[in-house]
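Going by the order they are written in, the chains are A, B, C, D, E and F; count residues from 1 in each one.
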Amino acid sequence: MTGSILPIALGFAFVCVSASIVLNLFRLWRGPLSADRILAVDTLTINAIAMIVLFGIAYTTPDYFEAALLLAMVGFVGTVAYCKFLLRGDIVE
Amino acid sequence: MTLFAEILVSALLVLGGVFVLVGSWGLAKLPSVMTRLHGPTKATTLGVGACLIASMIYFPFFSGTWSAHELLITLFLFLTAPVSANLIAKAHLHRQGRRIDPNPSDQIVDGLPPPLGTADWATFAGGTTTDTAIPGEADGDRRS
Amino acid sequence: MSLIVSWWVIASVILPAVVGAGILLFLRHHLALSRLAALGSCIVMVIIAVMLVHEANGGTIQSYALGNWRAPFGIVLVLDRLSAMMVLLTAVLALIVLVYAISTGKDRQGWHFHPLFQFQMLGLNGAFLTGDLFNLFVFFEVLLIASYGLMLHGQGGERLKAGVQYVIINLVGSTLFLVGVGLLYGVTGTLNMADLAVKVAAAPPGDQGLIAASALLLTTVFGLKAALVPLHFWLPGTYAATGGAVAALFAIMTKVGAYSIIRTSTLIFGEDAGGAAFVVAPWLLPAALVTIIIGFVGMFAARGLRDLAAWAVVGSMGTLLCAVSVFDTQAMGPALYYILHSTLAGAALFLVVDLIAQRRAEHGDAITLAPRFTQIEILSGFFFLAAIATVGLPPLSGFVGKLLVLDGVRTSPAAVWIWTVILITTVLGVLAFGRAGSMIFWKSATLDGEIALRSLRGRRGGMAAAASLLLALALLTIMAGPITRYTAAAADQLFAPESYIAAVLGPQSGGRR
Amino acid sequence: MLLVLALLPIVGALAPALAIRVGRNACAMAAGTVTLAALVVLAMLAPAVMAGETVQVRIDWVPLLGMNLNLFLDALGLMFAGMILGIGLLIIIYARFYLAKADPMGRFFTYLLLFQGAMLGIVVSDNILLLLVFWELTSLTSFLLIGFWRDLPEGRQGARMALAVTGAGGLSLIGGLLILGNIAGSYDLTVILQNREAIQASPLYLPALLLILGGCFTKSAQFPFHFWLPHAMAAPTPVSAYLHSATMVKAGIFMLARLWPVLAGTETWFYLVATTGLVTMVFAAVVALFKDDLKGLLAYSTISHLGFLTMLFGFGTPMAAVVGVFHIINHATFKAALFMNAGIVDHETGTRDIKRLGGLATLMPIAATLAVVAGLSMAGIPPLNGFISKEMMLEEASHTVWWTQPWLVPALATLGATFSVAYSFRYIVHVYLGRKRDDYPRPPHDPGIGLWGPPAVLVALVVSIGLFPAVVAGPLVEQVSRAVIGGQTPYYSLSLWHGVTPALFMSIAAIGIGLVILSAHRQIAAVWHGLALPDAKALFDRALSGLTRGAVAFTARTQNGSLERYIAMFIGTAIVVGFAGFLGSDFVAGNRPTTAASPMAVVGWLALIAATALVLVNHRARYVSLIYIGIVGLVISLGFIHLSAPDLALTQISVEVVTILLMLLALNLLPKTSPRESSLPRHFRDGGLAALAGLGVGGAAWAVMSRPVDSISGYFWENAKSGGGGTNVVNVILVDFRGFDTFGEIIVLGIAALGIFSLLETAGTGASGRRILAWQPDTPRSPEHHPMMLVVATRLLLPLAVMVGLYIFLRGHNQPGGGFIAGLVISIAILMQYMASGYQFAAQRLRADHHTLIGLGVLIAAATGLGSLLFGAPFMTTAFDYFSLPIIGEFELATAMLFDVGVALTVIGAVILALAQLSQVAQSAEKQEPLETPSAMDIDPSRDGPPLVPEETVK
Amino acid sequence: MISLELLVASAIGVLTAAGVYLVLRRRTFPVVLGLAFLSYAINVFLFAMGRLVIDRPPLYDKAADGYTDPLPQALVLTAIVIAFGMTAFVVVLALRSYLETGIDRVDGMPDEKGKP
Amino acid sequence: MIRRILPHPGLSAMLVVVWLLLVNDFTFGALFLALVFGVLVPLFTSRFWPARPVVRFGPDMIGYVGIVLYDILIANFQVAWIIVTRRNRDLRSHWLVIPLELRSPEAITTLAGTISLTPGTVSSDISGCGRALLVHALDVADPEAEVARIKRRYEARLLRVFA
């Protein structure tokens, strides 16, 4: 990391993402509907991807990107499964 | 050049951070499931996208490595986010029946518009909606 | 390790794995071939195990470095007298039980009996041979998951209900195992048991608390497998609910717990372990005593023969662990002999009970009045023999084992307690078996008629398997001289861990003194 | 020779079992031949023994235990062996004619010979551990003999009671003998018997004595352990005659005699043994008088005479021991004869009830003669052998002082003798004399010689010993007495007339008063039966049923099927021992510098705690808690990323989702809620356990993390690249350094899948099948199965995800990834198809069989490991090399990657197998025909024709 | 300043406590959730036994000035896989037992209220 | 023949690019492997995608992508502004019914995806006959105009891309 702007921007982004996660947790807790909670988890997963990307920048390492990629894929599968359960009960039919 | 890159990366990070936060703020603040559903699309598209682009620019300049993984992640998110939203909406429509978003602060209480043609919306077609709740949902909020 | 010995060692682990996978892959729709392969594997295992015992009896401990990575970095298999003995015991038991299962058609009552059986053997052999604590965990899991499958083989409501309990409590147990292993690694930085012995002995005093805690946690896990009171609750239901063949095979499962207690307590937490030296002993002894009592009381309360047999296993584990808990050579030799005896006796009892239950049709194993049944005479004889072996009356090995234990613990300060409990509970056992046997064989004989069975599968094979277990008990008695010499030598090896350490870590480590 | 003697009956026990196929005579012949052969062997050994030698055999059996096949035969052994075999032979003859046709004779004689062998073993064992083997064997075989008539409830109960009491006594004896052996330093009798001083001086003398007496007294039915013996009378009479005259019960007396040299002579011995014997003798004699059952009378008489013998050995004087030895012989002769006689009466008249008998003398003259002679001997009437030994006993009693009371023992001994006279005469008078009756159950007449011959032989002995004691029994008594005493015998004379001694007066008094009592029997009996005496059997039964009830109640209470309790016990134990171990040894807190937590870490921590709390609070709402738990997994994955564990993060992320899918699949068919059913105390208990467990594990983690360690990891770090060919050290550890773990791990996974398959394969049958058939969805169903957007998107995602999987697999050795994660990623990609397009659609298109994948995976992994054996390297030794090809450039090939292929295949097979199988069950529960279209979408706008989803008018 | 070690240790504690509490419930489903929590807890615990290091992934690099202990990570990976297999098995077993007996209680007793 | 080896040429091309992006390496070795997988993976997965949508790669497609990206950027700011500033009760949420002329599922999915990706609108359902899309709009003044905009701006273009 070089200058002084970037760390500040990065810190700001971290704070934003952290705050987002707290907001997601609020929605997760508050609900009230299952759809809200699924939505909260879905959003949290996407925020987690952002967090991982930020980590990658902060540590200047590409080692964590696969995790982000996988999270994108898996977050989707999870959301689909939660929704299908609500829609059909049986998620594989 | 590096300074420019740094400024660009910083700007993207700030932008990304703000949009991620706004998306989640929307999720927390908006009055009903359908309106809340709009929030995360922000986080996905611009928020995370900006962070990813920031990262893409950052690496060649600051560590000498070039990485395109971010593009892939973006691609994945673009592919999946609408489907997720669609399914959440469907699940919600299904669970709530046609009484969409009976939140007192939400003005949309009319229910769904009819589709064109003879068949109902896919989520309802042919089905009868019962009132069985998924345990854990706040029942009071479903009807008030 | 010489090449040929190394082949035997590795074969004892690889053979069941390959045969199990092979049956799954190629033979799962060919019952006859599956049986043939499984039997072949078991027979070869017996031969291998005999070779291993022969080799171990030479007295040198040999270690096999998997992947050619030297200890403590890679995983090693270690052949000493104890591990060789356990492998042989497993092989013999497995062969007999397999014959029983095949001839009574138990292997057809569900899916994948033979692969599960082979994997069960793999898990057992791996657990007995490994010289690495985490690898021990892995093989525990292998043998547990295979045992879940076998336990549930054939299914039915009661079995499933008992299975839920068995599986869940063992999963909790596995968690605790990892806590113990993890803690030990965290403190010592190693996983190889020989290296752990060195590191624990050299640990600063400030680490002793954590080491002692991990020793006790590990022993709690092993105690769970060994059905040590108050961790025994899972056993009676599980063993009584599963099929006879599987229950017979499970006679070795409790011994895995006992084995692990013996191994870790003598090697890692032995004499040189400072604050953790034999830290489990003061807990183990009273628990073992109570285990004997609870086991025999349970036998007394049993309503079915399977129940009776299951509680007998608990009681015998108590006796065994009593001898173990003294932690000296004198008592350990008898304990090892008792392992052999109680495994075979427990298995024999379960097989005999199963044979009886099969023939009593809907009366099953209940200790109630029912008409005479096919082969009642010979089965009453079998039951009588299995019962006296289990209770520890002469002439079978139970009596020798009991005398050995009583004699072995005599120098212990707790000898009075051990003697009192063992002797008094034997009376309970005699009464329990007397009650059950007289009800099922004598009183029932007074009823008119006989239970007719449309078809009785494996009349000969099943009987032969049970008989061969009884014969094994007789051999154990007749050959008690050489066998006790072996177990005594094995005990000596256990209480002189230097040679184990040297064999694993190389001569330059020279043990720790 | 001695070995042959000891083994003959046991080995020969097979003979009757086999011979019964030929016939009953052959069977009896076989048994008789065996016994006779043993007698012949004994006879060949006898001269040497009678010359004072001890015949010995030593064969090592369990030398480490000191338990060996050491046999010796001295005069005591010889005498007992002679009785065992001699009377045994007579019993066999008698039994041949006694047993009914329906009785399984082969079994009877087999048991009898086994018993005989066990008895013989006791008396010839030199090694006390060996002796114990035989001792317990007598208990076991007598159990079989007493319970021989299985249809008799008394037989079954009597057998069990005998086994319980004598078996328990045997265990007591084990304790005592082991102590004795330890004091003496050897378990060989010949050694022990040399160590009188050491034994009697040892502090363990008293416990050893008590335990040994426990064995002897139970076996020889001494008060208060006597109660089993009368109930053992339910046995066939030959058994009773054998067990209660010469064998079983005499084993206890034998032990007293055998150990007399080392145990007797102390005050403790005297008070314990002599008192017990005296009490038993008197008490049982009194009871015997009032028994109306012939065998009951004889049973109590036996107890009384056993008391008689016990008392004699208890006196501890050499002279008393001599008398004891002599009376052993006498009692065996007349009592065996009487038992057989009782059997004859029973056999011929159909009853053993004295009240229904009488006047048989003329009807059964032979039996009557035998009974009179033997009965008079039992009463101690001259000139029979019973008289001589009774006289000698009274003589010994007359000068025995008990607790400063010189009159006590003589008086009581006389009292015992008095009742002995009374009941003996009652046997003679009330059965044979008096007037004939006309209501015998069967018309009585003398039996054949087969039944009366054997007792006649014994009666002949009774008479001849009585008339010529010194000639007939003298030498034997002398030698045996020496063996018992362990030295020279005192002066004694075996003769009818000892002159006018106190004993003579006591004897006369006993006979006189005894006859008076008998004449008033009816009146006294009325009083006796009016007494509410405690019944030992009732007490025993009550104790036993109390014990049973207690055991049942205890077991039912503790073993109540409550898994929560079992787990609570387990966790509670772990907590207790864990904390105790920790607190019981030294602990010094570590000084490793800690890392400051970033705000993000704190947020992550908060998220974890919040999600955990949400699960805990909402755990009864199952679906919702599944959503919450996803967050926990997510945060942990993030934590792994933050803490430099990318492989862990990848694994956690992918395992998490598969687990959730699985649980959702299962939840579909399970109840959606858990009822509230724990009481408040239970919540506190569980909360307490949870808090302590959390404190323990968390505290341990803290303690470890805050201290430095020198671990073996450096080696992995240094050798991963050079020795393992990979830069991802974690992966190299997994597939190489610790590949064996991974091998086990994939097998676990494979077995889990097999288990799941086996479980679900049968779900459609039986109770489960019925339940599935009756199953109704408990949540509303949307009619659309496969939403179009999902189907289309996942089709594009599949190849992408497969690419990702391949990528993760290939890079695993050097970068985060590897076979397991790749397998999971590909599985997830396939599962996506299952979810989007349906089971049918996906399963049809996925051609690989899951079982094959699992089997193949494990085999590939094993084969990779085995490959190294071909090169002479240990199992799982890996090889790798770098290759260079034109165009493609340099690349690496490692055998470890092949191993990883095995891992990946197993994972894919296991995951798909488990989920597919589970979804199949759900399919059958839904009872809906799966949608069959080429595109798998419910709504396919490109199709012409009506929509697949049924139409309905729009509201 | 709060240390990372404290956060991780307390998280392990909380996860363990949650797992223990849930494992002690009476229905199979919460018990399975409890097992999942215990599995989380133990994974993190094992991992923590290698101490906490930030930004030093166990990827061999000559230039690296330190590394995270890779061994616990490998152990955790093994433990995760095993726990996954076990969890899958127990979930199915719970379901199967419920289907067979109509009871989803871990003690196999029927419900007090008489409903299945 | 070529169809058999390359069932989805476009997909194969995309996978080659994806592989190169994944390995982050543009050497011959990587390209070789990319080509191998680009061919093999569609072979394996084509069974899951029986119908082959005809997609015209060309200026229409590029234009479409450009427009969508632009819209995403702009709409993001608009919607962010709404979320941050507008009171909940002042939101003018509406259900929009978009009649469809597109027929291929892939095309409709693309349209629906586009609608969802641009903030402010979420595709929620499709009618049972596949002729209309149900879209939820967060805040629109004139629902009809919005429907028309979507049809004009996206659907019309997609009709050209998906022949």
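Throughout what follows, contacts are C-beta pairs under 8 Å (C-beta built on N, C-alpha and C of every residue); 3 or more make two chains touch, one makes a residue touch a chain.
These numbers were taken from a predicted model, which means no experiment stands behind them.
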To reach chain D from chain B by way of touching chains, what is the minimum number of steps?
1
Intersection of contact sets, chain A vs chain E, gives D
List every chain that touches both chain B and chain E.
A, D
Relative to chain B, the most remote chain by C-alpha centroid is chain D
Which chain pair shares more contacting C-beta pairs: D-E, or C-E?
D-E
Centroid comparison with chain C (C-alpha atoms), farthest chain:
F
Where chain C and chain F are represented by their mean Cα positions, the distance between them in whole Å:
62
Quick one: report the Å distance separating chain B from chain C, using the average Cα coordinate of each chain.
57
Whole-Å separation of chain centres (CA-atom averages), chain A against chain B
11
Chain B-chain F separation of Cα centroids, rounded to whole Å
15
If I count partner chains per residue in chain A, which residues reach a count of at least 2?
14-15, 17, 21, 34, 38, 62-63, 66, 69, 73, 76, 80, 82, 84, 86-87
Would you please write down the residue numbers of chain D that are in contact with two or more other chains?
561, 563, 567, 571, 620, 622-625, 642, 646, 667, 697, 700, 704-705, 709, 711-713, 716, 737-738, 741, 745, 748, 751-752, 755, 759, 766-767, 779, 781-782, 784, 787-790, 793, 796-797, 800, 804, 815-816, 918, 939, 947, 949, 951
Which positions in chain C are in touch with at least two other chains?
134, 138, 141, 145, 148, 152, 155-157, 164-165, 168, 172, 179, 183, 185-186, 191
Full enumeration of touching chain pairs:
A-B, A-D, A-E, B-D, B-F, C-D, C-E, D-E, D-F
Which of the residues in chain E end up touching chain D in this complex?
1-33, 36-37, 40-41, 43-45, 47-61, 67-71, 73-78, 80-82, 84-89, 91-96, 98-102, 104, 106-109, 111-112
Residues of chain A defined as touching chain D within the complex
14-15, 17-18, 21-22, 25, 28-29, 34, 37-38, 41, 44-45, 48, 51-52, 55, 63-64, 66-67, 69-71, 73-74, 76-78, 80-82, 84-93
Where on chain D does chain C make contact in their complex?
60-67, 129, 132-134, 136-137, 139-140, 143-144, 147, 150-151, 153, 155-156, 159-160, 163-164, 167-168, 171-172, 174-175, 178, 182, 544, 547-548, 551-552, 554-556, 558-559, 561, 563, 565-567, 569-571, 573-574, 577-589, 697, 700, 703-705, 707, 709-713, 715-716, 719, 723, 736-741, 743-745, 747-748, 750-752, 754-755, 757-759, 761-762, 766-767, 851-852, 854-856, 858-859, 862, 865-866, 868-869, 872-878
Which of the residues in chain D come into contact with chain F in the complex?
787-789, 791-793, 795-796, 798-800, 802-804, 806-807, 811, 833, 837, 841-842, 845, 887-891, 934-935, 937, 939-942, 946-947, 949, 951
As the complex stands, chain B meets chain F at residues 18-19, 22, 25-26, 29-32, 34-35, 37-39, 41-42, 44-46, 65-69, 71-72, 75, 78-79, 81-83, 85-86, 89-90, 93, 100, 105-108, 112-123, 125-126
